[in-house]
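One chain, chain A, appears in both complexes that follow, with chain B as partner in the first and chain C in the second.
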Partner chain A sequence: MHELFLSTQVANEDLQRALRILQGYCGMKPVTFLRRRLIWEGPRMRNGLKGIDAGFLKRQSQPIWRSLHEQLIRQSYIITLLYDVKREQFGEGEKAGVQDGDEGQKEEDPVIDCDQLLGILRWTDLPDPAGGRPVNSRLLVNIENERGLCTLLKSMNHRLTQEMIQECHRFVLGNVVFDFSRYLQLPPSDTEPVSSIRSKLPAYESLVPFDAENKWVLTASALVFNGSVPDHMQKGIDELMTVKTDFEGCFDFQALDRHIFDTRVKI
Partner chain B sequence: MAQPSLTQEDLKALEQARQRLYQLSNNIASLKSDVLRSNPLPQWSSLQTSAAILASNVVALTAHLNTHAELLSKTVVYPSTNYPGRTQEGLLGQLLRKKLEPHVETWVEEGRDLQGQLNTGETEEALLSWAKDWSSERISTYAAEEAGEDYTVAEREMGIENVRTGLRRKLEESDSEEEDEDDEMEDAGVQVTSARRSSLGQVEFGMSEVKKEPNGKARSVEDILRLATSGVDPGPIRR
Partner chain C sequence: MDTMDSIPGDFAVSLKARPSSKNNANLPSLIERINLERGGFQNITEESLRQEIADAELENEDGDDDASSDEDEEEPDRMKELMTSRDEILGQIEKAHQSAMFALDFVSLLLSKDTPVQASLSISPFLRELVGMGTLGADKLYAPRMTDAQKQDNKQVAKGWKSQSVDKTVDSILASASRLEKEIELETKYWQQVLAVSDSGWSVCRLPKERHTLGVRFGFSEASPAFKNRSLAALRRNPDGTISLDQGIASSEPRTLRVRIRIGNNQTGASASPQPVAEDAPIEALILQARNTIFSEELWQEMNREARTLGSYGVQSRDDTLICPLTSTKTAVFDLVPLGESTLSGPDDNMAEGVFISLNLLLTYAHRQNLRRRTQPPPPISAQKKVILPYNLLRAVLTRLKHQETVGQLNNLLGPLCHVMESAQLKPLPTFKVTSTPGTPPAQLPQAEQTILSLVDRLETIATFSMSESTTITIAARTSSFPVGSTFFVSLPPSSPLMSVCPPPQVLTSYPALRDYIHYFTACAVATSIATIPSSSEIDEADIESQAGQWHQTPHPTTLRTVLLTSTAGSKIPKTKQLSISVQPLTSRKKSGIRLRAYWEWNGKEQQEVTVIDERKSSFGFPVLLEDVQMSPKEDSKNLRRGLGEGVYDWVAWEKESGKLWDDGEGEVFRTLESVLADAGK
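== the complex of A and B ==
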């Protein structure tokens, strides 16, 4: 699968207005979600990469695992796991701690175990060289609704390097998806070891925007199921270019330098 | 002669029509009172939701009326023989009146005229594509040139002090006040949005706050995207 995309930025002060413009353009209300992004780095090796465990691979019926495997034995990559979280899940651990009286002990501790949750595994390649194409395009593998992804990545010698929260307002028009995203970082935890997957999320108010100016990144993207069919790619590009033209003077959608989206592990 | 009494199903259909009409008139009344009474005006999203509910009710009602068109056209209402016709003539007239009120009749005519014009003219699709082209052009002009302005040309000509905005806050504040506001915002942390759903299912954009890093750096879009894609972060709170 190929992803075609364009990106631009929106200042936080302009977000409300931008959301309204998109609401009118797409004829829908934004879908808002919060997502944990766990970023895993593959083994720092050039050769002899094992990819996905052969036993695991055999048990999978979806051919998509096989295509991911083929990428991972060729080159070591950074892989992202995505887990949807609710606003109420933030700071739950802290609340339970405060109420820890006689009754508090009996209450179930709201520990989040990502392995028990349905998550999304996302692998993206370094975007293709532009070659006259006015949009960014990259290979993408998205495996959804899987449990036990953290264990799987650990078994593949991948190492958790970053965890962040993505806050996103999403619109869809035809084949084009518009995402307003910003990335929030978790403050260092006193109770949980460094570089482990958090089992409790801190209070939402304690999250720190990665960008001190609190900008939002707006991306317009389209997925092309089979990137080797030139007609399909062209149709995707055309749709994104229509979006770019429609918003000229309002949002400056651009194809950015492809090396920003480099997911290859540096050795 | 036709069957004198209504069957159980006919009654059900009539009852349903009555209920839908009742619901519709309630919807209209509540939207009307919302707009008239609330100050400031209701949220834009709530207005949109109300309009969508109204439209779906109208569609449901017309569909229902269409399905039972035959029954409705055959049904005749008459008073029973023991009705005190002489003393209660006024009420009787009101209940059995079939002719529309004169002003309602005008509305119906207007509606029929409109429909006639639409049907004789271009097809709906042509209208839609025209509207799409026109509005996207208009939106970009709006966004590029007019979005920053709070008042329309007509309002400016009339004098902006006479405009009833329905808003409590002032528009078009002087520069110095704006600066003050910026300072306040800095003290209070970063104002950010979070959307939550109200009981009606519509999204409301509320304000909530996340912490502002005092020593935080402003990042470029490139840096933000780099972090999101590969977790590369040269920043201070790397774990």
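== the complex of A and C ==
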């Protein structure tokens, strides 16, 4: 699957106005969600990459795992695991501690085990060189509704390097999806070791924006099932170009330098 | 150009305006025009003029015949006219320039005597060479004839003109001020009305085609594209300041959907049709009417689209109406009619109104589903085409009615059964219960959508029929939309003795099949309850005396056998008798009923000459006519030659004419089953 996309930035002060503009443009209220992004780095090797475990591959019925395996064999990549979280889940550990005293009985703190949850595995390639295309275009593998992804990546010699929270407002118009995203870092934790998957999420207010200026990234993207069919790619490009011209003077959608989105592991 | 009007006609004006009226018949101007047109009189003769006139007349006639070429020629003529006028103007300007240059030269020459320096600046070199500087002189000969009086006069005239012009200016300013004031008043009124429209919730925006005009969006954002395009109307200001709704070329008279219910050819009900709003009603009422009209039109279109897929349910499209059978007797007729048409009312008005309201609600629900579909992240662009299926409007109504029909059928099946057995005083008395619980839709949907879903989706009715505590049969009836119909799932508890006798089929897809099975089951249950000895044990020859008078089960579940001691002398062979129980539906003209029959006869060689009653009456599944039932007691003695000790007894229950209560036939008092069995056993 190919993803065609354009990006721009929106300052935090302008967020509400931008949301209203897009609400009118798309004719819908934004869908807001919070996601945990677990970023896993592949093995630091140039050759001899094993990809996905053969036994696991045989058990999978969907061919998408095979195409991911083919990519991972030739090059080591950074893979992201996405888990949807609710606002209420932040700071649950602390809240439970406060309520304990009255009851006299220690309640189980709600522990989040990512392997038990349904997650999304997202792999993107380095975007194609600009060529004739006015938009960024990259190969994408998105595997949804899978359990046990953390264990799987560990078994593939991937290490967890970073975790962050993505706050996102989403709009849809036709084939184009608009995402307002902001990335927030988790503060260093006292109770849990570094580079492990957190079992409890800290309070929402303690999250720090990843970007010093607290900007939001607005991405307009369209997915094409088969990137080798020029008609479909052109259709996606045309829709994105229409978006770009429609928003001229308001948002400046650009095809950014492809190396910003480089997911290859540097050795 | 005002100044031009005030200049009297005898002032010399260099620039001559193009002669606009052809009626100006002054000779000098005519001559001038002819000169311009033809370059002098040399080439004109009388004959050529007459020829020209004749040609012109012919052209006019041709012009009348084909107006289209005329129009085409009009365009080039215009161009030619323009070009000629342009040339004329240029010529005139040239002339004016030349005259001005001559005048300048003349004055310069005149001045060259007195102010040679100044004159030499403006004189043309040609004249200077030709004539020389200072060769013309001017002197005053007489005093000017302009007297003081004339000068005063001129001054007065000048003042008069000035004051006239000032007055005119003041008047025009006043006029424009008052016009502006009126405009402002009208505009304020207009904007107040626009604000009122916007405040009452309508969305007001600029028209995309005329960016300076406001319009109101009265359509639905999830409607199909054809209707979305027509959902914008301009708010225009009338000359008197009131606001009017302009729907453009899409405007049509206000219409609504009408539902009429028919039984056979008679109309028994119709949905209410509102009155159209008056022309001078407030704009909000007109906008609301426009919205209702576009909604009804969309509903009509979607119903027609759906009707093409519902042909197998008897839905037809005829003469701009849709005909849809709702139940076995009632048919609905749908059409789109202008507002205000009066319709007759009848007993089924509520049903028609109900169908109308539910169709409207279902269209709104379909809009919600459209919204849900388009706000989800779309699938990737691929060769798969997006197919938009028709909405489920009529289908949902038919499903709901089918569900109600099924509930009624279950009640009508089990109720009379219990009644009949009550009249036979069966012990214990059977009971039944029919419950219909709506399903629970997913909780994350909004309340409105959950309500619609629970009315249309997963419709289930559970009926339990207990003959006794151990024999309870459960019927789960599920009504589905694709296809529209009810499926019956019958189950018995596995411990029930009847499980081995008459195991229920897992799935039954039609009501008659269910009815047949339930009747068969009831007969089996009654037979089983009568029998005291199971069929597995043999008739013990030796112990006949103790077994006499008791009924044994036979391999056929609804038939029982008993052994009797013989009373005739000399015969030691024991006689056996057979008893059959059957339950059958009855129909007669307009009534329907149910019959429980007990039929007993001798079994064995010596009874062969007795003809057996028509076998078909004891097999299940055939509804029997009333005449047959009434005939059998009479037939008993005459045609059927039933022997002594054989007979038949029926318990009957009929549906009352109102269709509601079940009643015994003709006030007859029935015998109990026990007494009948006692008779049978003799």
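We adopt the following convention: the second predicted complex is superposed on the first by the 262 of 267 C-alpha atoms of A that agree within 3 Å, B and C clash if a C-alpha of one lies under 4 Å from a C-alpha of the other, contacts with A are read in each partner's own complex, and residues count from 1 in each chain.
One rule holds in what follows: a residue touches a chain if its C-beta (ideal position, glycine included) is under 8 Å from a C-beta of that chain, and two chains touch if they have at least 3 such contacts.
Fair warning: this is a prediction, and the values are worked out from it, not measured in the lab.
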### Query
Does the chain A-based superposition show chain B and chain C clashing or fitting?
clash
### Query
With the two structures laid over each other on chain A, which partner does A:Lys244 touch: chain B (first), chain C (second), both, or neither?
neither
### Touch count on chain A, higher of chain B and chain C
B
### Query
In the superposed arrangement, does A:Phe210 touch chain B (first), chain C (second), both or neither?
first
### Message
One more residue to check, A:Tyr25. First (chain B), second (chain C), both or neither?
### Response
first
### Query
Of the partners chain B and chain C, which touch A:Ala222 in the superposed model: first, second, both, neither?
second
### Query
Given the touch rule stated above, what does A:His69 touch, chain B (first), chain C (second), both, or neither?
neither
### Query
Is A:Arg36 touching the first partner chain B, the second partner chain C, both, or neither of them?
neither
### Task
In the superposed model, identify the part of chain B that clashes with chain C, out of 63-71, 153-161 or 225-233.
63-71
### Message
Going by the contact rule set out above, which residues of chain B touch chain A in the complex?
### Response
44-45, 136, 139-140, 143-144, 147, 190-196, 202-203, 205, 208-213, 216-219, 221-231, 233, 235, 237-239
#### Entry: Of all residues in chain C, those that touch chain A in their complex
221, 371, 374-383
## Note on the structure
chain A residues touching chain C in their complex are 1, 27-28, 31, 170, 172, 174-175, 177, 222-226, 229, 232, 235-236
### Message
Touching residues of chain A toward chain B in the complex: what are they?
### Response
7-9, 12, 15-17, 19-21, 24-25, 29-30, 32, 37, 39, 41, 78, 80, 87, 124, 161-164, 166-167, 169, 181-188, 194-195, 204-215, 217, 246-250, 256-257, 260-263
